[in-house]
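Take a look at the structures below.
In what comes next, chain A is part of two complexes: it sits with chain B in the first one and with chain C in the second one.
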Partner chain A sequence: MANDSDENKPTSTAAMTEDDLLLQDQQLKQIEDEQKASPLVGDKLPFYALAGLYDPVSAITFFTKANELAAIYSDIRFIRGDGNCFYRAVLVGIVEILMKDRERLIKFIDTGREWMAKLVKLGFPDWTCSDFCEFFIEFLEKIRDGKYTEAEVFQNLNDDGTANYLLMYFRLITSGFLKDNCEEYAPFIAEGMTLQQYCETEIEAMWKEADHLSIMALVRATGIRLRIQYMDRSEAPNGGYQHDLPDEADNVTPDITLLYRPGHYDLIYRNLVAQ
Partner chain B sequence: MTEQYNTKNAGVRRLMQEAKELRKATEMYHAQPMEDNLFEWHFTIRGTIGTDFEGGIYHGRIIFPADYPMKPPNLILLTPNGRFELNKKICLSISGYHPETWLPSWSIRTALLALIGFLPSTPGGALGSLDYPPKERKRLAKLSGDWKCKECGCVMKDALLPITEDGQLKETEEAKKLAAQLKFQDESVVKKEIADANGSASEEIQSSETTQPETSEVTNDSSESDESSEESSGEETEAEQPVDPEPAIRDPSPTPLFQQPARQLASRSFDYSLLIKIPLALICLAVFMTLVARRILVESGNSFKEGPEL
Partner chain C sequence: MSDAATRRLMKELAQLKNENPEGLLIDNTITSHDLKQWKIGVVGAEGTLYAGEVFTLQFTFGPQYPFNSPEVMFVGDTIPAHPHIYSNGHICLSILSDDWTPALSVQSVCLSILSMLSSSKEKKHPIDDAIYVRTCNKNPSKTRWWFHGKRRNIQVSFRPMSDRAGFINVFTRIDSI
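Let's turn to the complex of A and B:
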């Protein structure tokens, strides 16, 4: 169906609105194609790859910062910028941890089951939500049972259909966490929207970027310790370079570190040799 | 069908599960995939009691995008109903918010129930919507029982379970609730709104367009309802679909999308001042002709008279 516009192009009458629709179709498709040109989850690259993205003359601040960060971080995994990057970075980060830590993996499967029951109780559409949860749990179980090699795991994380299905689990528990703690978080929702509406339109819908509230909710729902490394000094809430979540976890080694550049998250790894 | 698709694919898995869920017809809805295509389904829904659609049973197609359920399915109505144009894709989204909002946790059942609940809503001149008078809708509802799908051969009156009071009540409630939150729109409207939201560069065209659908709808509706009431006992499909219905059904995705807007454009660009200009021109022409004719007659009469004198 995505080819409709192309096929119809020659036959369309020269009406403005139709041309316009076609143009928009093409523009939207082009944006999508551009996004799809980069993998959902990139390979682990040396952190210097980041500095390579910036011109040392015209983008001197970013270039310098990227080089400064390279002293602390050794690797980077670029995540596709399709609005899901935060959730996807966390998904990949967690799967990487779970592949190495069997005990945690088993615990995470259990929490997955608990979430599944909780979501139904919270009034999420019954079998579709359970289906997303089950899909994620099955994926983890296959890792547990050694049915996937590491390469296969990343193959799955890079397949649009599978990866987005796995990602939905994270969107659902983010939303579930906020709904479960409605009283605490309702005051943070912008006026004119209920928490329920916010969850549906901003979290449960695909391709919607995560904001501070959903980031915090996902961190709490998964129980991970997350560090966000800001590439732009002014973007950090504490005036520093980085922000740790949950708040009380300051100065504890984080499980996952994300690099935030305005509007986008990538997954980064600390330089273990330097520590 | 199972062998044909990669069952490891999450979307395929999901669609198969939904097909299983919906295998048995209920009193209000039924939907099943086509035999040769898991990504195209046919559905049947019942109009709710106490509305213009009471007693009506309507059939249609569901077209799934390759990345369903991440992207929404498109619904297409095939049975004349007086609320939605036939053979046009309509999209489901959360009303009042971002137009592209579809939740992957919604299912075909959600979409069908929302459509049932959405049928009696006021179209308000929306593109792809019809605003037929209640009488006409009721008439179409009555006739729908004998309507037969050319593609899957299912006849409406046998497509759903016979209706019972409690059964309908429960699902009608759910349908109403869903319809309050969700809405169906013509595909082109949705696309336009998405483009608007994305701050696309085509602003001037947008503004000229947004003002126009209402007028175009009015002209469309009136012409179509006239037609259908004239052929009151005739074939309903033809009545609602003056522009060759056959190929649209056979080859659905490209044709209805671009043929129909063309039909609308004709009426959209209609210049109402022509209604005055053309008669005026005709009258002027008539007067001119009479004058010329008289002149000729008079002249020839004169010459006739003058003839013998010379």
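Let's turn to the complex of A and C:
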């Protein structure tokens, strides 16, 4: 199972010897190799593929939950667990919507231009940030102009270089949203770090996982309605807990639904027949 | 080099030539044909300990650039004596390891290094220079720096996705960057 949680990363080095560090490096290399064995964005699979990941005996809680959820969700798209999974799942979810909704696509391109100007105004390094924004806008324009088939769009989303450029746009607007609303969000940053530092080290850097604050910021920055379906060991109502963002959007059909398993997000799709 | 990395590096080079930032000798920049390695001259700012002195910075980019940091070190006959620069050219600067973000660039790295030189109060290599230089890996990215800044507790720094083969040196640096 993909895992990009922080559990494998050391927090204290006080007692570490050089051997520990070498061993840790080997372990990290192994995790990295395992990650790379799966595609950045998987094909859309029937939802029961999820239950297939769990042993019905030794992982009964997860197995049961996966089966419960299969009554609600019809498909799943596995996302590589490399620390970018939240941003990548949202990227793919949005691109899928935009491929079907031309009006929204055009609006999203305009918003992209607005963000580009705003980021520069917020003091982001001018041309590097514009470069990421332009790349993203050009990608959407190619979809708009029919230059990409759906298969080509997914080829791009699975190509490391291209996909990470697109993903960077989402990291930048997440960070930009927080910096733009600094007064509102600064109190949520852990002590000893400014919002600026938090944005630079936790959001703008690749392969850093999204936490609650960055999830909230990206939802607001993109204006999407997001549902997170939790699947963990906790006791929960049938089908498990879910959380809709932004908060006021409760009970509104979400644009994108993500499945959260501890430390990881995948993209899931509601069973339209059952609705 | 990946397509994305080459595309970005070509843009960076064009941008540098166009802007010609103060303190950088852009006209003398040497780049390998695949853009994987650059050598850029930097000049110490007026009114600082390094005023008018010319040094060469060598950048080596991996295929994951700009998502991974470039490897940056001083090369050539003159390595600036500075409390964060080892006599073999390795530089202890947090944006070159754990504080790197893809929004940074060759230009911003050069300017950070110049500003690091400008703020120096003494021309002296780090106290652990002798042992570091004798034992470190030739590649500065293999060094695992520990930054003991105000903003974080003791925390090991490593780059999750870079090539981590090879020997790793562990040095504790007192740093307030």
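In the analysis below, the second predicted complex is superposed on the first by the 237 of 275 C-alpha atoms of A that agree within 3 Å, B and C clash if a C-alpha of one lies under 4 Å from a C-alpha of the other, contacts with A are read in each partner's own complex, and residues count from 1 in each chain.
Here, contacts are C-beta pairs under 8 Å (C-beta built on N, C-alpha and C of every residue); 3 or more make two chains touch, one makes a residue touch a chain.
Not measured: the values here are computed from a predicted model.
Colleague: Based on the superposed arrangement, let me know which partner A:27 touches: chain B (first), chain C (second), both, or neither?
Modeller: first
Colleague: Check the residue A:168 against both partner chains and state whether it touches chain B (first), chain C (second), both, or neither.
Modeller: A:168: touches chain B and chain C.
Colleague: Thinking of the overlay built on chain A, is A:125 touched by chain B (first), by chain C (second), by both, or by neither?
Modeller: The answer is both, since A:125 touches chain B and chain C.
Colleague: Of the two partner chains, chain B (first) and chain C (second), which one does A:64 touch, if any: first, second, both, or neither?
Modeller: In the superposition, A:64 contacts neither chain B nor chain C.
Colleague: Regarding the shared-chain residue A:82, is it in contact with chain B (first), chain C (second), both, or neither?
Modeller: A:82 sits against chain C, while chain B stays out of touch.
Colleague: Now for A:192: first (chain B), second (chain C), both, or neither, which partner does it touch?
Modeller: A:192 sits against chain C, while chain B stays out of touch.
Colleague: Both chain B and chain C contact which residues of chain A?
Modeller: Looking at chain A, the two contact sets intersect at 11-13, 16, 18, 21, 25, 28, 124-125, 127-129, 131-132, 160-162, 164-165, 168, 172, 197, 200-201, 204-206.
Colleague: Which residues of chain B touch chain A once you look at their complex with the stated criterion?
Modeller: Contact set of chain B toward chain A: 8-11, 13-14, 17, 21, 63, 65-67, 69-70, 94, 97-98, 101-107, 110, 188, 191-192, 194-195, 198, 200, 202, 205, 209, 253-254, 257-258, 261-262, 265, 268.
Colleague: Show which residues of chain A lie in contact with chain B when the two form their complex.
Modeller: Against chain B, chain A makes touches at 1-2, 4, 7-8, 11-13, 15-18, 20-21, 23-25, 27-28, 124-125, 127-129, 131-132, 135, 160-162, 164-165, 168, 172, 197, 200-201, 204-206.
Colleague: For chain C, which residues are in contact with chain A within the complex?
Modeller: Against chain A, the touching part of chain C is residues 2-5, 8, 11, 15, 64, 66-68, 98-105, 108, 144, 146, 150-156, 158, 160-161, 164-165, 168, 170.
Colleague: Would you pull the chain A residues touching chain C in the complex into a rising list?
Modeller: 9-14, 16, 18, 21-22, 25, 28-29, 32, 82-83, 124-125, 127-129, 131-132, 160-162, 164-165, 168, 172, 192-193, 197, 200-201, 204-207
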